[in-house]
Each structure stands twice: as structure tokens, then as C-alpha cells.
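Quick notes on the structure that follows.
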Amino acid sequence: MTPLLEFRNVTKIYSKGLLSRAMTVALDDVSLRIEDDQPTIMTVAGESGSGKTTLAMLLLGFISPTHGQILYKGKDIAKLQGEERLAFRREVQAVFQDPFAVFNPFYTVDHLLSVPIEKFKLARSKREARDKMDEALSAVGLRPEDVLGRFPHQLSGGQRQRINVARALLLKPRLLVADEPVSMVDASLRATILESLRKMNREYGVSIIYITHDLTTAYHVANSIIVLYRGSVMEAGDIDRVIRDPQHPYTKLLIDSIPWPDVNRKWGQTEIKAREQDHGSVETGCKFASRCPFVMEACRKAPPPLYQVAAQQAAACYLYEKQPVLAREQLSQVLPV
Amino acid sequence: MTSTKPVLRVIDLQVSYYTEAGRALALDRASLELYPGEKLGMVGESGCGKSTMALAMMRMIKPPGRIEGGQVFIDDIDLMTLPEAKMRKARLSLISYIPQGAMNSLNPVLRIEAQMRDAIKEHLPTMRDAEVQARIYEALESVELRREVARMYPHELSGGMKQRVCIAIGILLGPKVIIADEPTSALDVVTQRQVMETLDRIQKQLGAAMILIGHDMGLMAQFVDKVAVMYAGKFTEISPVRDIFTNPLHPYARALIESLPTLNNKGVFKGIPGLAPSLINRPPGCTFHPRCPEAMEICKSVPPALIHRWDGRQVACYLYDHDGRRADEPAAVSAR
Amino acid sequence: MTQITIASPQAQTRSERYQHPSRLTLTLRYLRRNKSLVIGLAIALALALFSIVGSLTIDTEKLAYPLAVKPKQPPSPEYPLGTDFFGRDMLAVMVRGVWQTAVIGLIAGAIGTGVGVVLGFLSAYYGGAVDTLIRGITEVLLPIPAFLILVIIAGSIDRRSVTIYTMALIVSLLAWMGPTRIMRAQVLSLKERLFVNVAKLSGMGNLEIVFKEILPNMLPFILASFVSGVFAGIFSSFGLSVLGLGPLREPLIGNTIWFAQQQAAFFNGWWWWPLWPTLALILIFVSLTLINIGLDELANPRVRRTE
């Protein structure tokens, strides 16, 4: 069964300037598969510098990998032309973080919705197009007459982000990349937007890749999770398991640092061994070694492979070297649907 | 609370913005009290007036905004009546404000120590250079930054470090009240925790009162003693943090708490229906009534006053009589 | 303390209670606040009307050229602006002169901006070798003192072949570099904007994105560039003609002043001869500057003042 989207050993390296030899490895040999027949919601979690944004840009075809391939329905996306390329665009969509930046300030907000309808021929007449827009806007809790015809600066951030989600609803893609869709939105609106995403998955069979640094919302939305740190996968698996019972020291640190809105669950059970990462130091070995409270000799020599610690959980840490190794290409096996 | 006298008293503070669409009442006679060493969290949606209140207390409201009334006492000094020169002295030394996105407000062409020196000299022009330098190092150390940072430029520091520099500037002169406006909104979760722990330690060291402004209830749960929930420029409820989470009084606070995702309610999403009100054409009576599941007739005509209950909690809602008692005590929100 | 800007309160969403003012009302209200733009445009309009109405009512073909009327006449009912040494009716001279000056400015502005837009776009959108080439030429030519070159070029052309159109072309030669730089910078920043990526996601092709997404956001810059180009064109041509390097037969403002100076007009008591062109020049200068300031305020919302 050809997967809908596949990352094959994708690596992205940025070099700093023409003459400098310093390089940043934004993504280090990551492989994953999204199947065509099983719509799922996967979280890619990480802080800034983890590579999650790079992953999103690669998925959407805005940048190309330094090594490896990205395949859409078996074909390399860099080589898609004409009809196939248009199909790729129609079926892979995104909701971005910044509700304002997605709008072209020259046009009214209608432009965001009308352009794809026209380009992807989703309506046969203006009437039909308008109906579809109304339907999508109502589905996210907006009244069409309140927002259509207005300019982006005349609306609130919450309204703008809802329109973004409405756009995704309208297009009903096969795969939706949601890059921090609720981080710039008020807490009271987050629930509504996340529910819209889940509805898309449940009722329209849309697979969603939910990219975030906020594990609380990820927990509520997704089925599986991949935790990235500086371009490498640290832990992956079923989201319930990973969040309730993290195995990798980095994941433990992350979970422990989340300010849960729960007076009984306080911060600080895990000690923060080192402060911010000293950027620019090239390391051999595990990328988390300098901040890890469990660091060992082996950690500094070579990066650990993924060890399968449970049927649906894997961690890249020498603490689990007794467990069977999971090849990078098989990452998707531990991710439930 | 060790001391019996509040260090900060805000009485009926009112701020309006005069825009081309009309007059927007951004802060509607807000009042609160803070004791030394106490930490208060101000929460609310964007545009509800939290930053406006902080700026009003600092007398930093710029046109088209205008402070239309109210008093702000620090100990016994009313900041609203001070002449501008004295107010400038008061800022940073009595009450300091760490603004939102503070790390972006550091002057990119000056070294850190130059910026801190400016702040000190502004207030204590006669201090000797050696002493100024000592203060700078002291401040940096208290936020766990190395001395070398003083000689660096802002772009050489990471987000978390810049934010800590801003905190250091905020506490340079040992103010009595510190207002931190979304100090960690642009930071990663681990850095956020580090910065908040720093802030906590500083505040204890100085014995200052702190107001933390934000919309992340999780941060509040971890950090503050009391929470003030603001809606459309008014305080709807002010309660100890534990009480707000287990038994919110005001319907808005309740809705806010119920919309929070926790580990126990996977898959349950409860948003707050409706949209935030316009501050120019405010709904009559209680501004929350159009979205309130328990709105009554009286809510539509007369705004409720903030009542001080016997247990120290404050709420502005007609569900509670003038003693603050409710006809039917609501069941506590499910254990969190 | 740091400068804070407060976000304005949330937009009204109850459409029943709040009527959105019409576009016309908003435009008029804006114009009331942006006095620079209004006054600048008003002056420009007045000059344009003067010129247009003038050319329709007076026979400038004949009267603006030498030996048409009695020379050296002070202003009178018959000759409202007087006449000059060579027998030109000053009113006709001004009507035609303002018109010609405007034409030169407009041509120079149009060519400069047009070339700037095209080169700037090519440079920014394609990058690589194209960018290096265009940027190289632009950067090399930019610091050259344009006026000096213009004087040299104008001075070496055979006097008889200089018409107002050749003047305009000469002046345009060195007018395109600034706009190219500005347009390139704008396109570079615009193409990184998220809405361009969203347009790609929506199925738009590259060329379509350039015209439909990027170009509309450049309009304020194109407009400002154009106004600057007109300004530069008018003043370069004025500079050349006041030195006697222009098409001397034409009643250009600069030429008129040059002749007046040559004939020692003031000393001879013919005060009206240099007066009108000077006034016209001042008005043009003020008008263009005010328009420039006004446009700047329009394009840069942070400079905008509120009521």
C-alpha cells in the first residue's frame, strides 16, 4: 500500500553563509510514513531549534532536503509537474501559527478562501463558492456576514485563526499540517479550534500532523507523538504512553517543565542539569548529552539508535540498550493510528 | 502574608481609549490590594485590560489612551498625584514593570551593562562608578547570569537570557512592586520554567509583591498565590489560586477553568461560546451577560459590584448576595 | 523606559449596533488628517488646471515663442503676466512651461520607476547570477554624481537636437537605480512572507504570485518612487536648463530664468520676467514635497497620527 506521504532518510543541513564552514543540522535522518487508508493525528513535538518547523516546510514542499527523499503517493515531490503537482497541493494543506501573516493585507479575508476554490475548481459557480465559504465559516463558529468583506486588520486574532481553520475545512485535504495552530490564540478559543481539527479527522478522514511545543494540547488531540530535539528523534510512540510514562530523559524534562493547570502537580521534580544549550558546539554522540542527568561514556561517543521499549514506544537512549533496536526507517511501526 | 498593611492599593482606576470609532472603556474602575511578598496573577483574554492596568499603574498610558480617574498607592504615596519628575524616580525604584516582549526592547547597539548603568544613573546620579558596577553584577548574579554577560550585546544572548536580563533591570533598584507582563510567552517550556524559577527566587529575596500578567492558567497554578480574573476591563473574581481551580465562583472563571486541558479529561473540549465584547459599545449591565450560562434579568441592566466575601475572596456577580453567599452552593469542579 | 504601543480594542462584531462607515467617508476622514497629502495634491491640481485651461484658451504655439508680441511690457490687462525681452507673452510662457516641465518629470518618473520595478523584480525573484549582475550595475552607477554626468551629456549633444523629449530621456538615464534598489528590497522581503507560501499552497503559480500577491503590496512604494522620480526629473531638467543646456527655444521654466539672468532682468527693471517662473518652481517644489510626506504617512502606518 503506497503511503500517502513518506519521508525517507530526510536530512536538512543549513550552512551559515558562503564562506563559513559552520553548519546547522536542522533535521537528521528522519523517516516516517503516513498511510493512505488510516487517517491519523500525529504530533511532532519539540522546542525551538528542534527541527519541527523545518519538518513542516519540507512536508509542504517549500524547501527541499539536503539528503533523502520526500514522496507523495510514491512520487518525489521535487519532481512533480503539472496536474500531479496541483493534486499534491490540493491534498496537502496547512494551518499556520500566525493568524495575521497568512493574509495578504491588500485583499479582504475572502481572498484566502476564494483563491483555492478557484484554483482547485471546488465550485462550479460563484453562488456555490459563496455557499461553501459560508458553510466552512459557520462550522468554526463565525457568522459569514461578520467577517466576509473585511480586511484582516479589522478582525481579531481569534477570528482570523478561525478563518484559517475554515479554509482547511473547505479544502478537505488528505493531509493537514497544523503548525502551532493555537499558540497565538486565547485559551478560550483553543478548545474550539482543536475540536474542529479533530472533527476533520473523524468525519472527513483527514490525517493531521500537529506540530507544537505545547504537550498539553497535543495530548488531547493526537494519537501518536514524535519528540524532536535538535533535529533528531528522541522518543516516539503512543501519546498516552509517552506523556504519562516518558522514557527518554529529554521527554521527562519536557513533561516535568509543563506548567500543568493543576495545583497539585508542581514543577521541578526533574532537576534541570544545565541551562540553555551552548549553541554552535559540534558534538559527536547524543545531542542531549550535555544536558542529560543520566549521561554515560557511551553517550558522547556515538548517537544512540532507537530502542523499542514497548510495543508502541521507542526511545533513543543508551539507558535502554538492552531493548531491541528499531531502525530509523521503521519509526512508523511504533506509532499507533 | 506576614505584614498587615498592603504595599499596593489600587482604587477605582479607570482608563479609556479615544479611537476614531468611539470611546473604548478599557479599564472600568478596577481596584485591588497586594501585600508585601504576595504574588498575584492577572488573567483574561487578549484585550481584556490586563496590560492596560499595568501601564496605568506605571502612568505609562499614551494617547489616544487616557487615565480618567483612580488612585494607586504604594505604601502611602499616591502615584497618580506625583509630578512627572518624581514619577520617573518612582518607576524602577518603587514599582517596576517588565513589559511583554521585553527581550525585544533591549537596545541592540548598547552592551548590557551600559543599559543597566543608564537605569541606575537615572535614579541615583551621584552613585560612584564602582558601586554602580557592583550593583550590576549583583543583579546579574541574582538572575543566575555570569558576570561576562554585562559586556555582551543583546544579540549574543538567547531568548531566555535576554528575558533574565530584563528581569535583572527590573529589580536593579529593589522595587516594592514588580509587574511582569507575560514574561515567558516567547520562550520554550523548559526555559520558561527556568525563568519563572528565577523570578520566584528574586521575588522572595526582595520580599517584593509581584503581579504576573498572562493568559496561561498553568503558569498561574505553578507560581502565584492569588488569581484575579479580568473581563472587559473589570475584575470578575479575585481568589486564592487553589480556590480558583477547585471552586471558581464567577461563571466566566468557571468556564475558563473548564476549558483547560489536563491529563484527566482527554478528548473533552469545552470552549467559551460567543465573542469578546466591544469596549466601545459595551453590553449594558454585566459585560459578560451575553455569554453567561446563568444570566438573570438584573444582569442585563446593572453592572454588579465587586464584593469582599468573609473568606477573603472577591467576586462581582449577582449569583452571590451582598455577603457573598450563594443560594445554592455550587459543586466543586471535578478534581484536577 | 521602553516605548509601548497599545493595541486598539477588539473589533466590533455586532453588526447591528455599529454601522461601518463607507469607504468614501473613511477616505475623506483620512484626508482630513493627512493634511500634507491634501495640500500637496491641491497645489498640483491647481497647477495642472492652470496649464490645461491655459493651453485651451491661449494660443501658446505662437505666443510662447519669441517675437510674438511687444517685448518688455509690464503686467497689464492685455498681458496679465507681462512680456519678456524676446517678445514672448509671459502668461503663454508659463502655461506652456509648466506643462513641459510636468511632461519631463512624468516621463523621467515613469521610466525610472518602470525600469526599477522590472529590474528589481527580476533581481529579487530569481536571485543568483541575474541578481548579481543587476545589483552590480546598480551599485556601481548609484554613487556617481548624476548631475555632473547629465551636464556632460547635455553639453556634448548638438544644441539643435535637444528637445524636451530628449531632455526627459537624458534625465531618465540616471533615475532608475534608486527605484531598482528599493523594489528589489521590497520584493525580497515580501516573497518571504507567509501569505506568499499560502498562495503556493492554494495552487497559485509563480508568475501569478508575483502579479497578484506581491505587486499589490508594492503599490505604495511604486507610487512613492514615482513621485520621487518626477521630483528628480523636474529638478534635473531645471538644473540643466538654468545653465543654458536645455532646448533653448522652449519656454521651460529653467530656460526662462536663464534668459532672464542673461539679460540682467532685475537690473533692467523687468521684475516680472524671473518672478513667475520662480513662483512656479516654488509651488512645484512644495507640492511634490508635501505629496511625498503625505505618501510616506500613508505607506507607513506607524507614522500615522490619530485624531
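As written, the chains take the letters A, B and C, and residue 1 is the first residue of each chain.
By our rule, contacts are C-beta pairs under 8 Å (C-beta built on N, C-alpha and C of every residue); 3 or more make two chains touch, one makes a residue touch a chain.
None of the values given here were measured: they were computed from a predicted structure.
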**Q.** Top chain pair, ranked by number of contacting C-beta pairs
**A.** A-B
Q. If you take the mean of the Cα atoms for each chain, which one ends up farthest from subunit A?
A. C
**Q.** subunit A and subunit B, separation of their C-alpha mean positions in angstrom
**A.** 32
(Q) I'd like to verify one number: the distance from the centre of subunit A to the centre of subunit C, where each centre is the average of its C-alpha atoms, in whole angstrom. (A) 50
Q | Rounded Å distance, subunit B centre to subunit C centre (Cα mean) | A | 51
Q. Which residue numbers or ranges of subunit A touch two or more of the other chains?
A. 156, 159
Q) Going by the touch rule set out above, which residues of subunit B reach two or more other chains? A) 46-47, 275-276
**Q.** Residue numbers of subunit C (touch at least two other chains)
**A.** 10-11, 13
Q | subunit B residues within the subunit A interface of the complex | A | 45-47, 144, 158-161, 188-194, 196-197, 215-223, 241-242, 245-246, 255-257, 259-263, 266-273, 275-276, 336
Q) subunit B touches which residues of subunit A in the complex? A) 47-48, 141, 156-159, 186-192, 194-195, 198, 213-217, 219-220, 240, 243-244, 253-254, 257-264, 266-268, 272, 275-276, 279
Q: Could you please specify the touching residues of subunit C with respect to subunit A in the complex?
A: 10-11, 13, 15, 193-195, 197-204, 213, 216-217, 219
Q. Which part of subunit A faces subunit C closely enough to touch in the complex?
A. 60, 62, 86, 89-90, 92-94, 96, 98, 101-107, 112, 115-116, 119-120, 145-146, 154-156, 159
